[in-house]
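Quick one: the structure is below, and I'll ask about it shortly.
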């Protein structure tokens, strides 16, 4: 138990978490600090390009194996299972309408790429090397939840038209992430050497600035959201990631991932989307209230994972895989 | 012939080309992936600042010689000659109006700085060092074509007023490129050392992201442009760069440039503008249709040069200068 | 006297100053060169984050001492004293209204963080290491002037309401600067190592691009401002920094700062705000004319400090502290 | 100067819906349209501000269409069908244009 | 299509004042508003352009409020008090809306 | 609240032409103007979107001028001369302003 505390404390003095806290406090204190939208979008493009590329280079170096295929399949199954669990829990414990519950559940079936990044950085700090294809797992877990949500909300006059399907499947973040993954796989170590001063060296620094912005958004979302939250909804934002992590740990362990890989699988399952899914929900389930799902995912689950979840998942992954941690 | 294939293939696995392709495919597949305008402008500022500065430092290191003066003069002459050839070909083979032909020709008289950059990177990969003043040649080839276009389109009630002249001569891209060139020349190696972690190290990576954006724009331009293109116009977009390259190779060789210098001279001649000239045409020749010249330059000639032209020009430059390539 | 010339000359060939000049000339020549607003804001966020963080790491390394406390106190006192001097001089020598004089004086009581950065870079070039807490001094000198201005302009129906106070005290630039300072102090050398490829390596290069933008704004401001300036107002923009520097030198020396620290104290006192204070004045003293205070601070005092002031202050700091310079 | 009366339809919708509205305009062969970005706003669902927004949710655009009165009603019907269950408001006002073609 | 007459108030103010105007709108329980960013402009105090602006001084936003005539006058009074001594202009015009609720 | 009738001229032109239109406004001693950026649009020459645009071609701005009826006609003439052969549309509508000065 001490080591998890140690991890959690070192996590607390890492610049990334501190910049997130700064943003959160600035927003709660009503400072006018902000990151221009274009800069925020540019950073998110950069982060996804870098992470996809690095993942692809990993594949080029280590090749494809059966565990990778299992990991991808587990990701898809986990995503669907978690979403159904989330929907059942929300229907049972909260007063949310069917459509709202479906929309919230979709966020928890999908993943948060920034949470994934933060976990990767924490793993690096404790010298654990996760499998490089975990970024591909992240990519396959991002969108299916949107389709499941439409199915869950069926019977409310909701139809899936081809246009929505295409828009969802080809949304920008999926395209850049998987595109950069394939580019990394094709251009390999050679390609990485050429652009590593851009995509590797400044990566953590950019992540700090990006997390500052996430803190600002989370803080402002929390203030806006206050009104719409009931206790059961807030509680859901805190226990759902733990359920996700538990299932993620188990499946990561059962398919034979490394300690780092198990921790990332848990993190992905525990995290909730706040970019791709909300945008898709506005298109596909416009009756669902954004004032519930956005603040819940961004203001509660995201900070929870960042500050408490990640060190815990790493610790538990270490125990599960019998590692030295 | 094998080595040109080799170059072309290595070109195909370079991250730069792959990111361009990714953008192209994303646009053709109607993905909503995009790069915010401010970020795209910021990157283009960065690229021009970096390339100008490096060119200037080269001058500070190697000094000015007679070949440099010849190269600058050749650049200007080539620009005018190519534009007249383009205008004659367009008038003879297509149904474009005089004004449209003049506008399209202006794009091919001018140059594309991103094509120039891509060629420089490919040269680096095969360890060829072009003359550092080639960036100055690029700068002098950028704007004259605009004035020639106005002269070609004369008799359509078009007058050149002083305001247009000044706007064209002092357009932002010329000012930052030549300004950074002189700053590089003044502050020299000392200055370069101070800012090289900014302008040298991440350069290729930024170029990748920028080419992703170019791919998106080219793809969207192609989709829009489809309707306006006739076969002869499209063919022009493919053979005109070859004519340009041929003349560029010859003059680069005849004035005694190095293999790298010849290849860059060919690339500049083969490339067509899609930033400075289109903006100037809207001001000076508003009757010309942007739906012809933009997609042609950006959707056809630019990808052609990037994927096929550059390796070919480098190969031919090697043969011409009797190099080992 | 020779060494100050030497410093001034080396200052003139530094890329930073040259990019500022390029911007100034481009603006005066009416070029359309510009830096997108979002990119400019992004760079200013970056610069403040980097400088704050580095300052905080310095504290983590060297600890807090009594001189630091004295330096912070001196900063606050200097800020108030300079503002009162400025107000008295403006009232005595110019025809500005009481409100305008109060607004202009507020700019000279506050500081310019970019001038501070440029001075830090010049110090680095002559191998002088200022105290790392000087960035904290900069932070405490930034805002008090705004409150003093409201008091000076009193009797014009101006009241300070709580909303204005909070907005001023929590303005974005103060929050990011002090926030990054504390984050640096908490995460220390460890944290710095993680993100130094982002916040240290490219710093000077980003500063060049930022100064290009400052040159453009200063040049455009000067052209706009021409009409509103009288000779006494312009003169004030030139002699006020010298008064500030003199007091800054004296107090820096009397509390026992190092040569670099004295030079920075002089620079802070000599510099005038052009970001935080103008924005606050529009809220708090809307009757004051922005067409006077902005061009004066940005078009006259800022370039003066950049080109002449900084080398002079460093030279004088060297003499005062009996250093070898 | 001679001017001609037209209608100005302004549609404020969330950015994710923009493409849908534009498809309707395209199908209807409207002469043209212009989309202006909004920076901030408030509606039934609370307030939002563009800066810092990572995704597109919340941010609103204003789509401006100048067109002939004869075509306005038909377009309004179609747009209203889309916007009704979504977030957004639609206004119509009178304007004069200088060139009567293309509307 | 049936439409209902409303008022469109447009307020152009400097960005630093935006939050003040919005507070007034919030206090007045206006149904909603939208803020559009401006890129450049000119007024009594000279011209400005957004690009390159580091701070927020000079840049202007246009705040659009659609509301019922019955509430317009009261709001105009309050806004005018704020804007009068500051930089900014206020215009009112007639529009038709498609859904009458929420204004 | 007492208001005064004015005209609102809105000019949509491609960004490269913006400076030309502004020069005309300046020469005409128009009291002021505001330029709003557009994000996307469609006209005779096809559609465009701001994101990803490297140069300025294609992107459109909307220039808003509030002015007195007595000065509107003259301005329209001059602007129309510039815009006629170019891409762009000009609309005029009625507005009320709160402060009558400066228009």
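Labels for the chains are A, B, C, D, E and F, by order of writing; each one numbers its residues from 1.
As a working rule, contacts are C-beta pairs under 8 Å (C-beta built on N, C-alpha and C of every residue); 3 or more make two chains touch, one makes a residue touch a chain.
Note that the structure is a prediction, hence the values are computed from the model and not measured.
Colleague: If you walk from chain to touching chain, how few steps can bring you from chain B to chain E?
Modeller: Contact-graph shortest path, chain B to chain E, evaluates to 2.
Colleague: Looking at where chain A touches chain B, is over half of the residue numbers used by both copies, so same, or under half, so different?
Modeller: The interface of chain A with chain B is built from mostly unshared positions.
Colleague: Taking CA centroids for every chain, report which one is farthest away from chain D.
Modeller: C
Colleague: In whole angstrom, what separates the CA-based centres of chain B and chain D?
Modeller: 38
Colleague: Between chain C and chain D, tell me the centre distance in angstrom, where each centre is the average of that chain's C-alpha atoms.
Modeller: 45
Colleague: Give, as an integer number of Å, the spacing between the C-alpha centres of chain F and chain E.
Modeller: That pair's centroid distance is 18 Å.
Colleague: Can you list the residues of chain E that touch 2 or more other chains?
Modeller: Those would be 19, 36-37, 93-94.
Colleague: Specify, in ascending order, the residues of chain A that touch 2 or more different other chains.
Modeller: Expected reply: 32, 34-39, 41-42, 167, 197, 201-202.
Colleague: What are all the chain pairs that meet the touch criterion?
Modeller: Applying the touch rule to all chain pairs gives A-B, A-C, A-D, B-C, B-F, C-E, D-E, D-F, E-F.
Colleague: Considering only the defined contacts, which chain A positions touch chain D in the complex?
Modeller: Contact set of chain A toward chain D: 34-37, 40-41, 44, 163, 167, 213-214, 216-217, 220, 224, 274-276, 278-283, 286-287, 289-291, 294.
Colleague: Touching residues of chain B toward chain C in the complex: what are they?
Modeller: Per the stated touch rule, the residues are 36-39, 41-42, 45-46, 49, 53, 166-167, 170-172, 175-176, 179-180, 182-183, 186-188, 190-191, 194-199, 201-202.
Colleague: Any idea which chain F residues touch chain D in the complex?
Modeller: The touching residues are 10, 12, 36-44, 60, 62, 73, 76-77, 80, 84, 89-94.
Colleague: Residues of chain B touching chain A in their complex?
Modeller: So the residues of chain B in touch with chain A come to 13-15, 18-19, 22, 25-26, 29-39, 42, 197, 201-206, 208-209, 212.
Colleague: What residues of chain F sit close enough to touch chain B in their complex?
Modeller: Answer in residue numbers: 14, 16-17, 19-20, 23, 45-47, 49-59, 85-87.
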